[in-house]
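Note that chain A is present in both complexes that follow, paired respectively with chain B and with chain C.
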Partner chain A sequence: MNYRTDRIILIIFLLISTAVAFLPYFVQSEYLLRLITVVIFWIGIAGCWNMMSGYTGYIDFGPVVYFGIGSYVAAIAMTKYMVPFFPSLFLSGLISAVIAFFIGIPTLRLKGAYFAIATFAFAEAMKQISLEFDRTFKVSFFQGSDGITLPISGHDNSFFFYCILPVTFVVMLTHYFIEHSKFGYGLKAINEAETAAEISGVNTTANKLRAYATSAFFLGLYGAIEAYWITYITPSDVFNVQKTVQMVIMTLLGGMGTFLGPIVGATFLTLISESLGTRFVEYYLIMIGGIIIVTILILPSGIIGTLKIRKRLRFI
Partner chain B sequence: MDTVFAQALINGLLLGGVYAAYSAGFSLIFGVMGVVNLAHGELIMLGAFTSYWLFDFFNLDPYLSAPFAMFFLFVFGYLVQKYIINQVIGQPHIMSYILTFGLHLMVANIAIKMWTQDFRSITTTYSGANAAIWGLNIPYARLVTFIVALFVTWALWFFLMRTETGRAIRATAQDKEVARLMGVDIRNIYAITFGLGAAITGLSGSVMSPFVIISPEMGLEYTIIAFCVVVLGGMGYMPGALVGGLVLGVAQSLAATYLNAGVSVAITFVILFIMLIIRPTGILGKGSVA
Partner chain C sequence: MFLKSFRLVFVLLLIGLLSVGFAWGEQKKAWKIGVAVSLTGVFGKDGSLVKDAYTLWQETVNSHGGVNGASVEIIFYDDKSDPATTAKLTEQLIVSDKVDLLLGGFGSSQLFAASPVAEKYQYPLISGGASSNKLFDRGFKYYFSTLGKATEEVRGCVDIFTAVNPKPKTAAIVGADILFTSLACEGYKKYCESNGIEVIHHELFPMALQDYNSLLMKVKNKNPDILLVGSHLLVAMKTIKAMKEIDFNPKAVAFSYGPTVPKFVEDLKGDANYVIAASEWTPNMPYSGKVFGKASEFNQLYLKRFSRSPDYVEAAAAGGAVAQQIVIEELGLKPPLNKENRIKIMEALHKDKFETFYGKIEFGADGANEAHPPVAVQIQSGKLENVFPLEFAEAKILYPFKPWKER
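Moving on, here comes the complex of A and B:
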């Protein structure tokens, strides 16, 4: 491993993060600040997916479920039990991680397409359950398709900017830790040859579970923040499969199992959708489809991955 | 046995037949190539639209336009596999999932662009007609689809077991390297398999067109149901689609009758999830496990 380039990248990353942290003081336009916040938000979410699926090669098709659980925990804690925002935020992450732990035990034994479908099924099941629970049991808890309206925060965009930035920062630091720790080597070994890794003494189950629960923890945080930001959630919104798709495509575009991948992919795709999506609304999804197909055919390892292979560089 | 229960059971079996009809192609494509085709619903959509336009322009009955849909989708599937999906054969399976998802987005949205998002339906003389036997209603159109499902399962089995191409497909599914060494052109076999899967899916879309709502966005939910059906029956095991479809259809119909329609969808996914955990090879235990 070439540690020098990695360290340079880390230093650049820290410098940029510090610079970004002061942006709300300089950026006057609310629109621009919101756009930057959305980019950082997606970098973090794509990073959560990359942490689990990018490194281990276990393709999770239902990460959005932990996002949704986070949203619902926060919403229910704040509206039904009058818990303030920050404790509910923490609770969201915790409950997401605990659920991920218990779901992970049976599902992480499955391989390939089976894991992908099981996670997808779990996400869809949770969406349907939160939609139908109240009507079936005649209670008012998830509030089904009516959705839950959270207390209006009264905070401006910069408040949410400062909520999201530290989380994304920690997500990316976790990536750096994964790249340079035994735990991370274990995850990469699972991707390359799981049986061989197990024989070599990697506790594959524990490693996978840790990665899965960690990514669920952060997704729970994002879900809670978004719920508080938007102030209104419905099951079809927070468990929307479109979010999963975004995470996967962003990471894939940037490069799966790389540190820079989610950053590059999420920034690129968010800016594309912001510029093209508003100008060519009707053709936007066709173009996204086209971009996906072209990426897979021309750059199957993503932008960063291809760069690494072409230039024969070893960096994160 | 009371009438409500019997009617629910019949509805479930007929619904199951519909499920089986459009899931067989999904199972075939997965079984041979390991591709989870996320653009599966779009194949159904294209089949249904083929029938719709032929009905609209030439007043051609959907059952008569079914062969056209089959032919059109065979060509479509063959070309898609040959020029797009074949490019990622040697790579991890994730590539094919995402590639087919890209296809799903493109096909569905181009269809929206061409045909708008309107909901359409084909109204034939037999569209709402029922056969009434012992106080039970049996919709003709669904009965025909059920029979088509049985026929497709049989024909597919016959094709795979009794023809030379079928043998090559089975060999490729078992071990593509050895098949290649035995002189099978696997790229061509893959293209034929995808074309075949697309053709029977298009056929199902066509025979379903008299009783379903046709719109460019209909695809995704069919893909999801096909997932469930194929997992229940055993992925890659052809007759499994029939078994999985019937089980799922009956379970959904009973849940919708005795609880409510929303719960029946929830139950679908809970069954799917539990099934994958405890018995990933399907109800009959004959599916392939990656």
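Moving on, here comes the complex of A and C:
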């Protein structure tokens, strides 16, 4: 029964993704297309956080660091070394993943609040490094708080839509893979009882490291795409802790460690802020705060998380 | 007979209803102006000031019959101090709300994100709340700023020391590590060098810094003659509080932004005295023009509407709205505007010179206002007094700074 449900959900997901891919041909409004792109962007970003923290239970408070690294790698590659966008994009993901690998080795040995603090500190440290590096070493690399102006792409929103959609699609497929692989069971086992998992032969450190670096790879890609889209980056903007908060809240609202959680949480929060923000400019943040509190009180494991528990579903 | 009278009444009623309908239809053709501005987040406070300025402009214009007979309606959206949101909202205003024109919000990062969108759709975007030099280096035709470039804005704060005796020999420069304030620090450094003042300490710190005492203790130990701070409102307030706590008494302290916001004096009271600040406008400047009349009259309107005086950023924002209005009136345009109309507005903004309550506005090829002299003000007995340029000065600079323990 459960395996059939899994397959049905996967087929629905694939069908919806295919349909979404054709949206730029039907959506005439550039604004609407931007809004849809922003929703898909946040689904992916929240998915990256869920991939690591949702499944392992290791609360990462610094994922924005890989988003920021991705932004800076793309910006430096494009402006300083004249590398075209797509190779820069790949480089962003790669460098983010490599840095995550080396940062993960010591930090993923920490547990609970210590891990959260370490990741948060790393994100803040990277912000400071990008701010101070040039002044300290008398070079022009990160360009400190002056920021970097990227080349104006001249592309319309459909270009960025087609950059973001495949990345988000792969992020979500990775979730499916996590849900249906030994690697995924390993991650869930870490969440349930890490010591027991270790005794049972799960290489917990390697599993966490794989999840952490994979998540960083995708975050790097998103950072690069946003930098090219906005055309200007500063350390304060791309390493902004608000981005971390947003991806955590989206995942919590949708349901941590679930396949549909980031999709539902990111769509719900983005659309609700869009709808209320334009109608109630003065009060919308209070309203959104209220909605989040009520949702979490009624559905403590998030929208999908609670549904999963109540309906005893294995995978959604 | 009865039927005839009934028909007459019916016809009259129909005419009446139609004319009301037409009048309503006419009235509905208002100017729709879109503003994506930070009302929450780091720049929430500063963005709210810009919103007030545009609101006053809207109310004043509407009370005088609107622009070319059409009233003004402004749509404000909150970008949460997030550049990506600014870009999205700017596109929403243009594409979804179909606004006729845009006005700029607050913050260089925000305007960096909004301006490519405005450029793409060929919407002129005049801002009064961003002045980072890089904004003008991109070859955009549709971006304009009523403020001068950030490095130039602080010139008055350094040049003023040529008029004091004894002239300071050393300076310490500190500033928040965000674009505008770091550029202000660059400007301080440039003008210190040109005025023969040696910079003995130069440090940028995180915008979210809490412990200002340690930072300023380092500076105090170097004993500079003057302290120059690249600041926003909160940075300026925290700096003054920390200076008092550690009893740091340089001969003068100057800020790039903050002390001109009324809250600075309201909160710090007597501690705000002697503080020097960069400005681009004060109500006593001898400027006048359409819509608001004299600078002092703009101040009076502000006092009446918001029970406070405007800051120079608010004046710059309203000045930009007035410049755009003058162009629309000269071109005789009426809403709704099309692409050709907006191209004409952009061309006229580049070509024309505007005399306004905010002073002369003359946009260069890069969109920066080239006609505005930097001003320095000092808080004296709780009031902002214009102390530089000397020809417009309403008071002589109080120098040196009175030590905290003697106040």
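Assume the second predicted complex is superposed on the first by the 305 of 316 C-alpha atoms of A that agree within 3 Å, B and C clash if a C-alpha of one lies under 4 Å from a C-alpha of the other, contacts with A are read in each partner's own complex, and residues count from 1 in each chain.
The working rule: a contact is a pair of C-beta atoms (placed from the backbone, for glycine too) under 8 Å apart; a residue touches a chain by one contact, two chains touch by 3 or more.
Keep in mind that this is a model prediction, so the values were computed, not measured.
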| item | value |
| --- | --- |
| Which of chain B and chain C A:135 touches, first, second, both or neither | both |
| Which of chain B and chain C A:232 touches, first, second, both or neither | second |
| First (chain B), second (chain C), both or neither touched by A:113 | first |
| Which superposed partner A:277 touches (first chain B, second chain C, both, neither) | second |
| Touching partner for A:242 - first (chain B), second (chain C), both, neither | second |
| Chain B versus chain C as contact partner of A:285, first or second or both or neither | both |
| Chain B versus chain C as contact partner of A:293, first or second or both or neither | first |
| First, second, both or neither for A:252, with chain B first and chain C second | first |
| Which superposed partner A:260 touches (first chain B, second chain C, both, neither) | neither |
| On chain A, positions contacted by chain B and by chain C | 128, 131-132, 135, 282, 285 |
| Interface residues, chain A side, partner chain B - complex | 57, 59, 61, 106-107, 110-114, 116-118, 120-122, 124-125, 128-129, 131-132, 135-136, 245, 248-249, 252, 282-283, 285-286, 288-293, 296-297, 300 |
| Complex contact set, residues of chain C against chain A | 39-41, 76-78, 82-84, 87-88, 91-92, 94-96, 109, 112-113, 116, 119-120, 132, 134, 137-138, 177-179, 181-183, 204, 206-207 |
| Contact footprint of chain A on chain B as seen in their complex | 30, 34, 36, 84, 87-88, 91-95, 97-99, 101-110, 113, 224, 227-228, 231, 235, 259-260, 262-263, 265-266, 269-270, 272-273, 276-277, 280, 289-290 |
| Complex contact set, residues of chain A against chain C | 29-32, 34-35, 38, 127-128, 131-132, 135, 144-147, 149, 152, 156-157, 226, 229-232, 234-237, 240, 242, 277-278, 281-282, 284-285 |
